[in-house]
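When the chains are written out, they are named A, B, C and D in that same order, and each has its own residue count from 1.
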Amino acid sequence: MKENKISWFIGLVLLALMFVGLYALEKALPPSTMLFTILKKGVIYALIAVSMNLLNGFTGLFSLGQAGFMVIGAYTYAILTIPVNMRAMIYQYYDGGVVQFALPAIVGLLCAGLVAAFFAFLVGLPVLRLKSDYLAIATLGFAEIIRAFIQYEGLGPLTNGSNLLRRFPSFTGILYPFAAVAICVAVIVLLIHSTYGRALKAIRDDETAAEAMGINLFFHKQFSFVTSSFFAGIGGALLAMYQGSIQAATFKSAMTYEILLIVVIGGMGSITGSIIASFLFVASSEWWLRFLDNEMFIGAFKMPLLRSGFRMVVFSVIIMAVVLLYRRGIMGDKEFNLRRITQHLTGKKGVRHDG
Amino acid sequence: MGWLERFFPYILAGISVGGQYALIAIGYTMVYGILRLINFAHGDIFTVAGFFMVYMNATMPLYLSIPLTIILTVILGFAVERAAYKPLRDAPRMSIMISAIGVSYLLQNLMWYVTGGLAKQYPTIPWISSSVTVWVATTKIVTLVTPVLTILLVVLLQQLINHTKIGMAMRAVSRDFETAKLMGIQINRVISVSFIIGSFLAAVGSLLYFSNYATVTPTVGAMPGLKAFVAAVFGGIGSIPGAMIGAFLIGISENLIKALGYSTFSDAFTFALLIFVLLAKPTGLFGEKTIDKV
Amino acid sequence: MMAERERMLELTDITMQFGGVVAVNNLSMHIDRGEIVALIGPNGAGKTTAFNCVTGVYKPTNGQVRYRGGLIVSNHPTGKMKNMYAGVNADKYQEVVEHTPDKITKLGVARTFQNIRLFKTQTAFENVLIATHLHRTSNPFTATFRLNFREERRMRELALEMLSVVGLADVRDELATSLPYGKQRRLEIARALATKPQLLLLDEPAAGMNPQETDDLGQFIVEIKNQFDLTVFLIEHHMDLVMDISDRIYVIDFGKLIAHGLPQEVQDNPDVITAYLGVEDDEPA
Amino acid sequence: MKKCIALLLILMLLLPALAMGENVAGTITIGIFEPASGDNAAGGKQETLGMYYANSLVNTVELGGKTYKVEVTEVDNQTSADKAPAAAQTLVSRNVNVVLGTYGSGASMAAAPIFEAAGIPAIGASCTNPGVTLGNPLYWRICYTDDFQGDVLANFAFNDLDVKIAYTLNMLGEDYGAGLVNYFTKAFEKLGGKVVADTFPEGTSDFSAYLQNAVNAGAGVIFSPSSTTYASLMLGQAVSMNLAIPFVAGDTWASSVILEAVQNSDQKVYFSDFFDESDKDATQVSKDFVTGFKAWLNANPQNLTNNGGNDIIAAVSALGYDSYMTAIEAIKKTEAGTKEQIAEALPGVDYDGVTGKIVFDENGDAKKDIAYIKIADTKTLNYIFVTTTTIQQ
């Protein structure tokens, strides 16, 4: 117990240090630097990855519905928070749409989570009775169904159909998303170490034994599913804020696969793993490798192969390499709590160990 | 206009689409039956086969390019298994599946890079590409050929699986991987064979598919791939006839949905249908029930 | 003397049929409070299946199970099974009662598993701790934000107590699966005890133990029985263990009850002897 | 082995240093924000070609006696609303002074806030959705907009083709098509026509059901503004069905992909376009452009493939050219060509482009009121100019 308290304390200190670091960073560098974009997107992906890890890594439920709950979150947020005077312009084909009020961003954010959770509850009722891959394909299907409904012309006045939603309140600095994600992840970590979290792990390890110990399978699965979706919804809303505009068409199953990649590369059942992985993933796909897309001359010598699209090829090769070399992900199911090293190496990357 | 007369063209299209799904679905279902692996890369192998054809046809006549396409595709499928799945045999199931997603990612990006993301026109294969009028519907001959060929291939495949040594081995492995291993069945050989067959059918599928829809893009395989997988699950993943029937059902139903004017939900409907089937029969229409021992 | 005791568990006409295979055939038996009753039989006689019918893992094809007078399982053949049903009293138990295993555990029936089923990724302590959840009152919210810390402390104390009862307190932080076989068995018992059961079902607790360990286990079972005034329902192969500790013994073969009574009676029963000398079949247990 | 990977990842941390196109004093960087991959890669590449060609002609400007070098830097936005922001951010981080693009309005709208936040002016070449400039003060546009285009095409279908029932088909979840269909429908119904609407989900290959729907609806024309990828699919099947119904579509269909799809068939395909290379009474500017651009294309095989394997000039190339030149015009009006100065200068630009005169209205839209309607010639694989339509708004 005591040991646990200490680690919590150190965790909080690290968190504080991280924010100080971020603040300093923001003051030091010009806002246009790519680093901030990466940090923003990375931290948001981190939340989504962690939420998916809660389901796939800690409960052993193989779900592929994440994108579906993200899109719900994103749209809920957008629909609720777009300033009224903008609506006429954005819902250009639906004369202003039906929603004619705007909630403050933070409320919208919460609603995003709640609505996603609510849908998860409905979806979970039938689907969670399915096992492993069948559950996966069923959840994948639900994500697609949700997308179809959002794009449905008939719902246009609410969702703006196929068209973008934009001009909803967003964040400028990097502190906002980091704070939001930090809170959410902290809650997830607390949950995982609570009695309920232990029950989830028990289910993952051995359903039959868990049930024989008096753990109600359906309730706990449903609980995990709903919680995960709640945070996926918030993640979706944050993603919307980060992008500044959203379109249902972009929340494809491919997005879920990306998240799943992050989770597995990070390590099933490792929070810190998911977080580290998402930063690496975002940074290498969006930033570090971009130069590969442009023809480059070193002196008179034209670098071969470099042309648009090459970035993604290299990126996917790296992913394959990581998958093949780190079978259980870079973290396995361990957590990153070598405190000094955390602080030293990745403190800036927002790694929160969870004692 | 009579009911049948009105819907005939849709049903015809549906059957043909179903046939194409089936050819891909079998690849999924065989691999799953043996490795319990959702081979996400399968849809992309199908697409790559399309590009093979496009590029080779530019340099050589059909009677060379068609067999070559099939061979290359088979080699690709085989190589993918050896490179990306075999090393992970004893790794957790999830990481093999991620490897599959990775491969699919890689193939798509490679195709994008090579083609520059531009749509390519598929070569027209004489005879099957030409139009024909069946009662009230005008369509390509390939539309009619596809389902027939599909059923033919499935029957052959069933023969292979039920009456040959390798087929027996396959069934053994899909029943009980470990025991089969202990019984001295060369697992790797069996797995390779199933990938080869799967890729072969994917190649044939892509020939038929793209002679019908003559545009090849790097992502064109994604949707048929997903639908085929759904079909495989629908029919009870692991069962080949199941996959075929599932594919035809999905193909026809989604076309009828479009006919009824709910095209917005044609995909959604497919998934809804799947979920309902799974809820009624948790292992699909023809999947065998499993009692988990305690 | 027996008569005064409370009926802890009563099986009537329990039949479990998988397709054509009749794993348990028309089994009726009872256990009274404070008894140690053993169910024995050759491999694949259907012992574990009987257990699974009691604990709600399987839904028997036919028959009833009463726990302390209350009906916890009741079923009769339906659908396809109607025609292929091989047992008796097909339409005697019209009402259908089924509980999920967790529900039955909550009622006070705990079990261990023949093929050890510990939570692999967790320590010995956590394994037991999970079982203490049964009596928690906290909801997800209070649990997450540690508003249930008192309860949490109580659970941990209980878990630790159970660990020391089975003498594993010293290995509390070791990974459950890293423990030696015998200790894993004991851990399973500790885990079962942590659910505060009244009826304890032990599925071959001595499997794979040497005579010495088996002896200790025998004494241990008696001890915990007295300490927590349990009733014990035991499946076992080690005859001497069974003979030592059980008050009564039921013998089944091919799912059918072939003998029951005091250890001595059973031991001398010719059917039992033939059953045991008879060739073992390989039908799944 | 694992160490290697780790090392590799660390190494990549350093690479961006190479990538960063640091803005040297004395150069003005123009960011090209276009799709090089994805459904709209074909169009994006053609538009980009126009810009590169323009750059090859004009790559220096004289400002206050000082010669500034004009460089272009390109980034692929995949025309997807979720990839666009990061791509836009990349341009921002390369300190571009002005942005050109993009093909596909969705990506423009998605990126607009980011350019705006960085104070970088952007010039849309072919993004026709009104939303691009509407409420985006730093976004300008040199082509006509969907409401105009929809109007034009509706009138063309109703009057010139004399059709009373139209069948519209656009991709579910794609804003370009949805928008154009919306305006077309409004206009067509105002004229007294009847519209049967249908949408297809992304990834559709089999359009026979939809075409059949069109037949059953008794449609006289199929209005299907969609990416060329899907266009060629539906045209291919229309051909094999011997569909008698003509197609009408928006600017995206001005692509050789379409021509190939209807090769040697008698399928009629009309589409509106920004510019006509074979225009008899074309201005000298456009005549020069046509000859010059063709020569430039043929000079470099890579360019030729990016243009779709032939030297037919796509209107988007012309627009790409004009967008670049417009930027140059604006830059010429500044002292040092900073992004702020360019943003100030743009509203005052008055430039005779290849695609017509470019003067911006208060929205930031070029006052364009002419659309070229063309039909795809299935024999000679070329576009035939049908009519120009103008609508006073």
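The working rule: contacts are C-beta pairs under 8 Å (C-beta built on N, C-alpha and C of every residue); 3 or more make two chains touch, one makes a residue touch a chain.
On a predicted model such as this, the values are computed, not experimentally measured, just so you know.
When the partners of chain B are compared with those of chain C, the chains appearing in both lists are A.
Farthest from chain D in terms of Cα centroid separation is C.
Here the CA centre of chain C is 73 Å from the CA centre of chain D.
For the pair chain A and chain C, the distance between mean C-alpha positions equals 44 Å. Each chain gets one centre point, the mean of its Cα atoms, and the points for chain A and chain B are 31 Å apart. Chain B and chain D, compared by their mean Cα positions, are separated by 36 Å.
Listed for chain A are residues 148, 151, 153, 208, 308-309, 312, each touching two or more other chains.
Shown for chain B are the residues that touch two or more other chains, namely 112, 116-117, 226, 264, 267, 294. Annotation for chain C: residues 57, 113 touch two or more other chains.
Against chain D, in their complex, chain B makes its touches with residues 1, 6, 9-10, 13, 17, 112, 116-119, 121, 129, 131, 137-140, 209, 212-215, 217, 219-220, 222-224, 226, 255, 258-259, 261, 263-264, 266-267. On the side of chain C, the complex with chain A involves touching residues 55, 57, 100-103, 105-106, 110-111, 113, 117-122, 126, 129-131, 133-134, 136, 138, 140, 143-146, 148, 152, 155-156, 191, 194-195. Residues 35-39, 41-42, 45, 172, 198-206, 208-210, 212-213, 216, 228-229, 232-233, 236-237, 240-242, 257, 260-261, 305-306, 308 of chain D are the ones that touch chain B when the two sit in their complex. Listing the residues of chain A that touch chain C in their complex gives 1, 187, 190-191, 194-196, 198-199, 201-202, 204-206, 208-217, 223, 227, 269, 333.
Interface residues of chain A, counted against chain B in their complex, comprise 56, 62, 126-127, 129-131, 133-134, 136-138, 140-142, 144-145, 148-149, 151-153, 208, 253, 257, 260-261, 264-265, 268, 307-310, 312-313, 315-317, 319-320, 323-324, 327-329.
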